[in-house]
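Two complexes follow with chain A in common, the first pairing it with chain B and the second with chain C.
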Partner chain A sequence: MSASVSQANLLPTGAEFQKGLARRNFRGSVWGRFYSLSLLVAILALIALVLNIVNSAFGYAITAYEVEPTALVAGGDVGGLDAEQLVVILQDYQERRLPVYIRDNLSVVDPSIFTQVPLSESLAGRTFPAELAAMTVTELTRDQQAAVLAASLSVDTLRSLVEVEVIGEQVIHPYALSESLFERSRIDAELLEALEDEPNARLEFRSWLNFEFLTAAGSSDPAAAGVRTALLGTLWVIFITVLFAFPVGVGAAIYLEEYAVPNRLNKLIETNIRNLAGVPSIIYGLLGLAVLVRSLEFITQGRTILSAGLTLGLLILPVIIINSQEAIRAVPSSIREASFGVGATKWQTIWNQVLPAAMPGILTGTILAMSRAVGETAPLIVIGASTFIVTDPTSPFAKFTALPIQIYQWTARPQSEFRAIAAAAIIVLLVLLLLFNATAIILRQRYRKSLQG
Partner chain B sequence: MQTQLEAGREISRVQSAVAARRAQATLYKRPRPGEDAIRVYLLLCGILSIFTTLGIIFVLGEESLRFFTSGVTNAVEFLTSIKWQPQAGEFGILPLLESTLMTSFMAMLVAIPLGLGSAIYLAEYAPSRVRSTMKPILEVLAGIPTVVYGYFALTFMTPALRGIFGQDAVQIYNTAAAGIVMGIMILPTISSMAEDALSSVPRSLREASYGLGATRFETIVKVVLPAALSGILAAFIIGISRAVGETMIVALAAGAGSNWSFPPNFFVAAETMTGHIARISGGDLSYDSVDYNSLFAIGLMLFFITLGLNLLSQWVSKRFREVYQ
Partner chain C sequence: MTQNGAYAIQLKNVDVFYGPKLAVSDVSLNIQTRRITAFIGPSGCGKSTVLRSINRMNDLIPGARVQGDVTFQGQNLYAPEVDPVEVRRRIGMVFQKPNPFPKSIYDNVAYGPRLLGVRSKAVLDEIVEKSLKGAYLWDEVRSDLKKSGLALSGGQQQRLCIARTIAVEPEVILMDEPCSALDPIATQAVEDLMKILVKQYTIVIVTHNMQQAQRVSDFTAFFSIRKQEETPGKENRWGVLGEFAETTELFSSPNSEETERYIRGEFG
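And then the complex of A and B:
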């Protein structure tokens, strides 16, 4: 009895209790606000990130042409010209540099002896008019030099030569979207300044992300650079990655879920996969560099798409395995038992019952793993994706560059015009990822419907 | 007569056939070579992961061994020297390790309070409609490639810090901007793991706490958080492990060239372990040079740190797990 009395005395009552309760509620609401605020900060960060990219990818730019495109072709679009016409333009404007273009783009001999040896040697293996084979480059007339260029260079290369060498668009100063919207008077003042040095300077509103950017090859000139080579490189690498990681990953998942008995080996495999998922991606790069690029060079040909694809394949393998395991585990065991009951073997059961039922989940997991591989940059840098490549990859043994590598390279440059094209390339990458993820979501939705229906 | 005889023969033939069959009918599984081959293939798929781990350990170990026996440096100097200047033959990992710890510390300073806060909000406060719209947004944040975060750190966070603390105080490349953005990158990981841990605490515990007169905040702090502690700690440790191994953000925003600063200065350029590997291997690197081997020694260090953290996280989540029925 006395104990309960003293207890009651310890607990506040009446006004004191009300005061304490108010204080407790106040403290709770302050912290509650902090919790919701922290989520808000995360969302604001995402918005800032997107706005920051959009801000750099669009905006005014002060540019100047060496030669107005409209002077070359009506309408100013050199994209529609064929090889002959492009060579004529080169000949008209940069006649003296034709041998240089031949040397830079076609020569297979050392630059120091290029002018002394006949074409049959310096251009061995290239296509050019046969009657010129015995002559050196300096003996050719300008027309013959032009004919050599027209015969062996692709339209793409010729077009980029015209763009860089003749039109020579120079970005003097790019502006961010925010500057373009709110600081127009400063931009105008700077345009006037620029006009003093460069009478051709002009102000234009520029979307750095445009059709040309998507279709042009890489270039050291930011105004002419595009992401086609990098985009194709990324698609090739991902293709190899999935070709390797999907069958192996799903296979391992089937083994672990359907066959493995809990012995020491299988437990080891299971924990090992979980730990591999936590290994930093750059370590996979070192593994790829030492094993795939160096030791297996006779198969992979060194720093190629194949090496990169397999490296990324090893990287996403644990993700695919874990996701596939979950999908397989979700298939009800009654399906398996029914299949055994009508006399199917284990593999017949897996192939005809379990896998079809688990496939949407497996595919969703694989697509998510793929989108992780698309954005991976560090392993590709370590195994040595080439930074400057302008030819499209055509086989798994080609040297390559990839979209994230290109973004990294452009971002690392101090000039702001490279920042602008980096932002445009980021948008391309994010749209690619969005496509992947949308596919995964649609698959998941369809799977849910088929379960319900 | 004849027919009887034949019938008798027939019977005895059937009887002997049945007996013979009975002797044969030991109940063995029919051999199925196809099934066995498939089983072996699937086992090999599983074992490949073990080979991957062995490959990593072997490659890192072998090249590190070459590095330490090359005569240029040794393991003691590698672990204790505060100078990393490959041109001068100085290979002390401490400056690189220090920058890694600095960026990771900065990242956790951002990611732990914000990640845990948003997890508590999502698990305890948010109405289900808010939760179902917010979780995908966090997933988007988690799915953005790290190189994009690197761009964000360099072109947004650094100018912002320079605007706040002054152009002179903050260098163009610095560990603070890299660390903060890394924190934003890790936030969704911590948030989603912590939220899972909070959601798995049974309702009955909360209701008991309310029944005793506790407010919602008191219930969260004194009942739910302690109950979910193992999962939350595991999330923090995984977050640190990801911060240590993160490459692109630091490669773009933290700067090139190792820098030992004591006391640590977050506003100056300093190269982390991962940043150094990325920068050196991105250039023209000849095989079997000391530079090449040194990358693997750094990689080995990195591997041990992250593996240790991952194992610790698994141990914590197992050791301190509260099991409810």
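And then the complex of A and C:
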């Protein structure tokens, strides 16, 4: 009846329809352009970040040796020398400092009494020629001091002593990669200037990120400083963090999803966990300082890896709980019903069906939370991570430093060499994060495959 | 024989509530041992709810509550000393959508026996073979027991679920619209299987398909909906048992007009 008439009146047709269609398509294309622009901004920001870091981490540097390596050994490579040859070099060039090397590397007594007690006491437990036991260090001849060093120190230690104390490479002026590429003439002019003060000065292209940088301990000399201590510190702290936060977080998520009845109290708890995930990390630092470092000092022994790991664990706990809850919630209820249907108990169902099915999501969430913890600086500063430390951490109760702390400390120094090694350390941190995220992806794929067969 | 003779399960004045809301009211019926009983009725009439109250599956829904007696071999299943885990082992369930675990065929079937503590490989092998044969799936999968259960076709998955159910040797199998997600050929296979299984098991099946009820079942329960306007615009609906009889009788000479209209397909 009237249906066809009213339809013709209500909806546009012909030219009117075409016009409307053009307008609709235009609106869509504007939004589409806006979205691709957003992506472009994100990509540009990433490229700028990477360029900035690479710019600082590589480039020419004017360096000078105290003593040319070629003067020590033909070819200039001290790596091939044995312990005795290295001690001879030390004796030749730094004769007066031999007692200092003995004190720094071998002494087991307090530095203030080191020169006054006999070797049997100051070097107790070390290997040295037995006939010297009754003498103090200052009574030894230079040859005897050299003999003590040769007897006790490893070739590696002796080599690094030679490198730092004799060869003594100095960075006079580092250049960024962009300067190295585009301002070569200025660099050459500055090299000539430098040669006036320092006849040994030379220009070399340097990658501040190299194998030695990864394996060397912290040092106040930027040319010799490395990230080993900080890297090990970070790995230790993260290990403790995950050891604490993963079981507790997953456990809490299981309780909230599978056991908790949806009453007001449990809803309140859940809401607050979500809020906790947004609390600034420095607040967790204050919590860690007050509770873990101070009140629980008898357990954590103060500003140690354990305190830091637990603090970061508390920081990422809410994130792990939320991610795990979501992963558990995503397990289809048909799987739960099937398990209950053949007579499984609640725990058997959770353990055999729900957790394996939720594991890809739980692992991804945990590793992403872990990546966040790796980069955290503020809470570690608050609980007092050491800013300068050269001994490797060996237990959860060790003092430590971590990569972000080390980076922060290096960038805060006025000398430009430190900015270069800070950039190199940032690359190490980024690679570590990439490794974590890649692991997350691989684990997720593995699990997914094993679930689908 | 059990003390109730040929009755495996007896429901007496059963009411089911979801929270404060009445879902099914006053259902009384007796389910005969080693027979197929079909529950039919329009959507929302509570036939699945009644089915799930038989093996205490409703316990899993927060706020669900059952009043009245559900008796299995003389034992009230809702008595405080009864553990629902034991109930579900003895009264197994097959669901609407095939829901194999994301594991191998072997592990799917061995899951139940393993829960009960069976560890011996030889025993498990035997149970898996027996159950898969029982579900008429053995010949199709015997060479490939390590394959994921999810890699099977829909009909095979449903028969795998049946094999998984019979692996724990239940006495009753509840089937909640087991064929609604299957094509006609897979449906045929499952129906044929039910006719064989009924020699050993008591089967209760919920179905939307009246032809299926007629084809496979010995007894049919027709559920219908009662409505009451509480306040204007807000209606309370709950299910009741409309009619319960032998299948042939119910379909040839229904007692009530409502049953007749339903089986003629006038509403659903």
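By our rule, the second predicted complex is superposed on the first by the 332 of 453 C-alpha atoms of A that agree within 3 Å, B and C clash if a C-alpha of one lies under 4 Å from a C-alpha of the other, contacts with A are read in each partner's own complex, and residues count from 1 in each chain.
The rule is simple: contacts are C-beta pairs under 8 Å (C-beta built on N, C-alpha and C of every residue); 3 or more make two chains touch, one makes a residue touch a chain.
Keep in mind it's a predicted model, so treat the numbers as computed, not measured.
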Partner chain in contact with A:A15 - chain B first, chain C second, else both or neither: neither
First (chain B), second (chain C), both or neither touched by A:S339: second
Dominant toucher of chain A (residue count), chain B or chain C: B
Partner chain(s) touched by A:I381 [first = chain B, second = chain C, both, neither]: first
Contacts of A:A74 with chain B and chain C, given as first, second, both or neither: neither
Contacts of A:I426 with chain B and chain C, given as first, second, both or neither: first
Contacts of A:Y255 with chain B and chain C, given as first, second, both or neither: first
Chain B versus chain C as contact partner of A:A357, first or second or both or neither: second
Touched partner set for A:A130, first chain B, second chain C, both or neither: neither
Residues of chain A that lie at the interface with chain B and also at the interface with chain C: 345
In the complex with chain A, residue positions of chain B that touch it: 32, 34-35, 38-39, 41-50, 52-53, 55-56, 59-60, 63, 113-118, 120-122, 124-126, 134, 137-138, 140-141, 143-152, 154-156, 184, 187-188, 191, 215-218, 238, 241-242, 244-248, 251-252, 274, 277-278, 281-282, 285, 287, 295-296, 299, 302-303, 306-307, 309-311, 314
Chain A residues touching chain B - in the complex, by the definition given at the top: 24-25, 27-29, 31-32, 34-39, 41-43, 45-46, 48-49, 52-53, 56, 247-249, 251-252, 254-256, 259-260, 266, 268-269, 272-276, 278-287, 289-291, 294, 314, 317-318, 321, 345-347, 371-372, 374-378, 381-382, 384, 387, 404, 407-408, 411-412, 419, 422-423, 426, 429-430, 433, 437
Touch list for chain C against partner chain A, complex: 55, 57, 60, 62, 85-86, 88-90, 92-95, 97, 99-104, 111-112, 115-116, 147-151, 161, 164-165, 167-168
Footprint of chain C on chain A - complex, ascending: 261-262, 332, 334-345, 348, 352-353, 356-357, 451-453
